[in-house]
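Several structures are given next for inspection.
Both of the next two complexes hold chain A, though its partner changes from chain B to chain C.
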Partner chain A sequence: MPTIIIDPVTRIEGHSKITIRLDDEGQVQDARFHVTQVRGFEKLCEGRPFTEMPALMARICGICPTSHLLASSKACDDIMAVRIPETAEKLRRIMNLAQITQSHALSFFYLSSPDFLLGMDADPEERNIMGMVRKYPQMARDGIKLRQFGQRVLEMLGGKRVHPGWIVPGGVSHPLQAAQRDAILAEIPEAIRITRAALQWFKGQIENFRAEVRSFANFPSMFLAMANDTNEFSAYNGWLRFIDANLNIVADHITGTDYLNYIGESCNDDSYLKSTYYKPFGLKDGVYRVGPLARLNMCQNAGTPQADEELAEFRELERHSVLSSFYYHYARLIEILFSVERMQTLLHDPEILGQNVRAHATPNQYEGVGILEAPRGTLIHHYRIDQNGLIESANMIIATGHNNLAINHGVLQVARQFIKGKKLEQGMLNRVEAVVRAFDPCLSCSTHAAGMMPLDIQLLDADGSMVDRLLR
Partner chain B sequence: MVRVLIVGYGNPLRGDDALGLLAAEQLRMLLPDVEILTCQQLAPEMAATLAECDAAIFLDAAATGSPGTVAVTRLVPQSSSAASLTHHVTPQTLLELAQTLYGHAPRALLVTGVGASFVPQQAENSTGPSQEAEAALTPAARAALEKICRLVPELLRDFPALW
Partner chain C sequence: MNKPGVEICTLIIENRECGGRSDQTILEVAEEYGIFIPTLCRLSGLSNIGACRMCLVEVKGSNKLMPACVTKVQEGMEVTVNSPKLAEYRKTVLELLFSERNHICSVCVTNGHCDLQALAQKLGVNHIPMPYIHPHLMVDASHPRFLADHNRCILCTRCVRVCSEVEGAHTWDLMGRGTTVKVITDLKRPWGESESCTGCGKCVQVCPTGALSEKGQAAGEMLKRRQFLPYLSMMREVGR
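Up next is the complex of A and B:
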């Protein structure tokens, strides 16, 4: 059977490949997304003191260490059964919003913008970040500045940009200084300007990507995200909710104590990434999506004025929920706007400079679960400790796992739409990669550089002989 | 007045890989008026800072060559089409970004010291991460570090004649 292999998938965080199988007529029969790197964090933390977990878990990833720090610290708060001081919670929220800002800016400007700016069919020699920098320098400067803003907030609060150690079980390690607050506040107007300009630009481009909107994992599915009483956008505190494609609630008020009744994990023979599914419906029918698209479909309001305006416009895309995964990019920009606005509100709160930022306790229960909305979606850390406070077992569910079934669905949908016959063209294969990029998967990026490796795609005939080959 | 930026980078948990970073930290004391950055990896955001400088020196460790030796390379703005700006950014790409986006790239040198061992080392009697990284350097890397610290002030004195 002829097979096309895209290995590695470029401009994403981590290592993966895609296999596309054709039938004898050259029609796409099946397509799969494989994650080819193994992560061993659930196993290697066994036996470690639970208080070490936030720092240890942050090493899962170099892009989202802050998200793991936060989810892990929340799980440790749960083990200690403490309610952290209000100031600490607000500071942690700012940290999470800064993380969302810098991560989404990276995804939109550094990884995906070459596709939008230079076109899916452009020569790969040009359709890359440097091509974009040369042709659209203002956009590139904006992208760098916005990411820099997010990184600077993380650095100012956490002490360093990557792997900050400031978030600890029980709160944060030290209070915010007035000078730091003022420095962050001073940069917010420019961050808002950049985000609004990018939104304006992206909305004007959507018309040029009708085929991608139609085929980029555009299908009815459930969505999972954090929810709360106000039905406002929620990324730090709340419970989990599943909704269907018509925005009906499927399951609600899911917490750390019962998430295992709703979320199942299935191992795959051809990928190190597990597929999670909505347990009551089973693996076949339990597909759901997480992340920016899910969160915007879930909430009624964002809760900040400018993001609410944008959200109202976003909702006009569809009658019910927005289903095309191409709109993840759009949703990401709205989330940046929300994050920057919300940071501003939190920093103006007089309590933000409060000195009481940490609760101290020893373990009060043997289990703890921390749930957070990370940039890419719902992140769950679940630890069980022994009587000495040492980790007995750990379970982590990351956003990309939740999205794995949907990503696979999307890869097949795009392959069927764009790959015809036995002659490969760069544009069709780039679209197969671009649908994966829309989800902004993070396959643990702590070890290697995906962008540096060549892309070798081979089209093999039924007898294994090579029909066509593309090298990048 | 010549505006100078020194960037020392490397992984303090990977033995001799830290020698560029540690040299930059020592130079901070020797050259109090010079802006010095230390980091594990170069990041695209540094392009904006570079664009404001006349001279830049990148300090890095090298894995090939004779351990303990030091090499100076003149850098020009340059980037490959595969540059992704996420994990691995070269000094040349940063210069290219500075030139393209901000209209100016400084004259720049890359100073590399060849290390002997790039595996994590456990240091004895260390008092903190930085001391630990320094104590973990092999004698060859330490020799390279000392040469770099002597060489960099000389290079700056010769600016721009020999750059």
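Up next is the complex of A and C:
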């Protein structure tokens, strides 16, 4: 059976490859997305003091260490059975919003916008952030500036841009200074301007990507995200909720270890990434999506004025939930707008400079679960400790795991739509990669996969001989 | 000064003429003259054992390197503190320490306040050329207030000395041989079950790395407070 292998998939975070199997007529039969690296954090943390977990787990990822830091600290709060001071919670929320801003800016501007600006079929040598700098310098500058804003907030609060500290079990390690608050507030209007401009531009582009909208993992599925009483957008506080494609609630009020009853994890023979599924429906029918699209489908309103306007317009796209994964990009921009606006509100709150930012306690429970909405979706950290506070076992479900089944679905859908015949073209394979990029998967959770890695795609005949080959 | 048999000697350290008493070590005299010699296992107020070999110096007329913390000064000695050979030796000693157990700074409770880390930065250790051993060692969290992470121990024995010499409990000691040596409490009982430990925490404060720490501290939060040591040492001298 002829097979096309895309290895590695570029402009994503981490290492992966895609296999596309064709029949003798050159029609796509099957397509699979494989993650080709293993990290092993669940194992290597065993026996370590639970207080070390936030810093250790943050090392999972260089793009979103803050998300792991937060989810891990929340799990530790749970082990200590403390309610952290209100100021600390607000400060943690600002960190999370800054993290969402910088990560989304990276995904949209650095990784995906070369496809929108230069075209899916453009020469791969040009179709990257450097090509974008040459042809659309203002857009590139804006993207870099927006990500820089998010990173600067993380640096001001957490001490470092990559792998900040500050967030600790029980709260944060020290209070916010007025000067830091003012410095962040001063940069917010520019961040809002850039995001609005990008939104305006992207909305105008959607018309040119009709085929991609139709085929990029566009299928009815459930969505999982954090929910709360107000039905406003929530990324830090709340419980988990599953909704179906018609926005009906499937399961609600999932907190703590309840997730084990609803989320199943299945191992794959051909990938180091497990596939998670909605347990009551089983692996075959339990597909759901997480991330920006899921969150916007989940909430009734964002809770900030400009993001609410954009959200209303976003809702017009479809009657029920927005189903095409191409719109993840659109949702990401709306989330940046919300994050920046929400940061502004939180920073204007006089309580934000409060001095009581940490609760101290020894372990009071043997188990703790921390749930957070990370940029790419729902993040779960679950730890079990012994009587001395050392980790006995850890389970982590990361956004990309939740999306794995949907990504595979999308890869197959796009391959069927765009790969025809026995002649390979860069554009069609780029679309297969682009559907993966739409989910912004974080595979290694590290920073070393830029767009310049070698790509070798081979189209093999039924007897294994090479029909066509593309190298870059 | 008035101890019997103690003489005044003149010697040269790093091309400087220095004066010291014959019961002083090269390190003590060098410090009086503001000449820096790196140290790790040594802590002022505790006995010197010359274990870490960081303070090695060259003494003219001897083909062996001498640990400055335990080598007494002599009349006419010529001591070299900084030379390419010494720099290489000291760096290698640190590299060997880093390669032996797990000293990943980023997640350590003493990150930013660690003697080993500070010395490595000062002496320019930026890569470890030898393979890591990374043995899988236990963390003893049985004590209600303190943690012993043997993965981060460099076997300097500061804990053993402070417990024996200052606190007088001698809870800590060494067990085993070679690279498998471990510091133990009582006769290798879990720290929390030790009968001799008074829970004073001096060992935690003098520990140069994150091997001994207070519970509940997140990465980089364990500051070592050693202010008590000069005072207690002085009182001990007075009492003698």
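Convention: the second predicted complex is superposed on the first by the 466 of 472 C-alpha atoms of A that agree within 3 Å, B and C clash if a C-alpha of one lies under 4 Å from a C-alpha of the other, contacts with A are read in each partner's own complex, and residues count from 1 in each chain.
One rule holds in what follows: contacts are C-beta pairs under 8 Å (C-beta built on N, C-alpha and C of every residue); 3 or more make two chains touch, one makes a residue touch a chain.
Computed from a prediction, not measured in an experiment: that's the story for all the values here.
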item	value
Combined model on chain A: chain C and chain B, fit or clash	clash
Partner chain(s) touched by A:111 [first = chain B, second = chain C, both, neither]	first
Chain B or chain C, by number of chain A residues touched	B
Chain B versus chain C as contact partner of A:237, first or second or both or neither	neither
Partner chain(s) touched by A:301 [first = chain B, second = chain C, both, neither]	neither
Chain B versus chain C as contact partner of A:131, first or second or both or neither	first
Touching partner for A:151 - first (chain B), second (chain C), both, neither	first
Touched partner set for A:141, first chain B, second chain C, both or neither	first
Contacts of A:55 with chain B and chain C, given as first, second, both or neither	second
Which superposed partner A:266 touches (first chain B, second chain C, both, neither)	neither
Touching partner for A:47 - first (chain B), second (chain C), both, neither	second
Chain C collision site on chain B, chosen from 60-68, 78-86, 132-140 or 150-158, when both complexes are overlaid on chain A	132-140
Chain A residues contacted in one complex by chain B, in the other by chain C	none
Residue ranges of chain C touching chain A (in the complex, touch as defined)	106-107, 109, 138-139, 141-142, 147, 149, 192, 215-221
Touching residues (chain side chain A, partner chain C) in the complex	47-49, 51-52, 54-56, 59, 163, 165, 168-169, 173, 360, 362, 388-390
Residues on chain B engaged by chain A in the complex (per definition of touch)	40, 43-45, 47-48, 79-88, 93, 96-97, 100-102
Residue ranges of chain A touching chain B (in the complex, touch as defined)	10-11, 13, 62-63, 106, 110-111, 124-126, 128-131, 133-134, 137, 140-141, 144-145, 147-148, 151, 162, 445, 448-454, 472
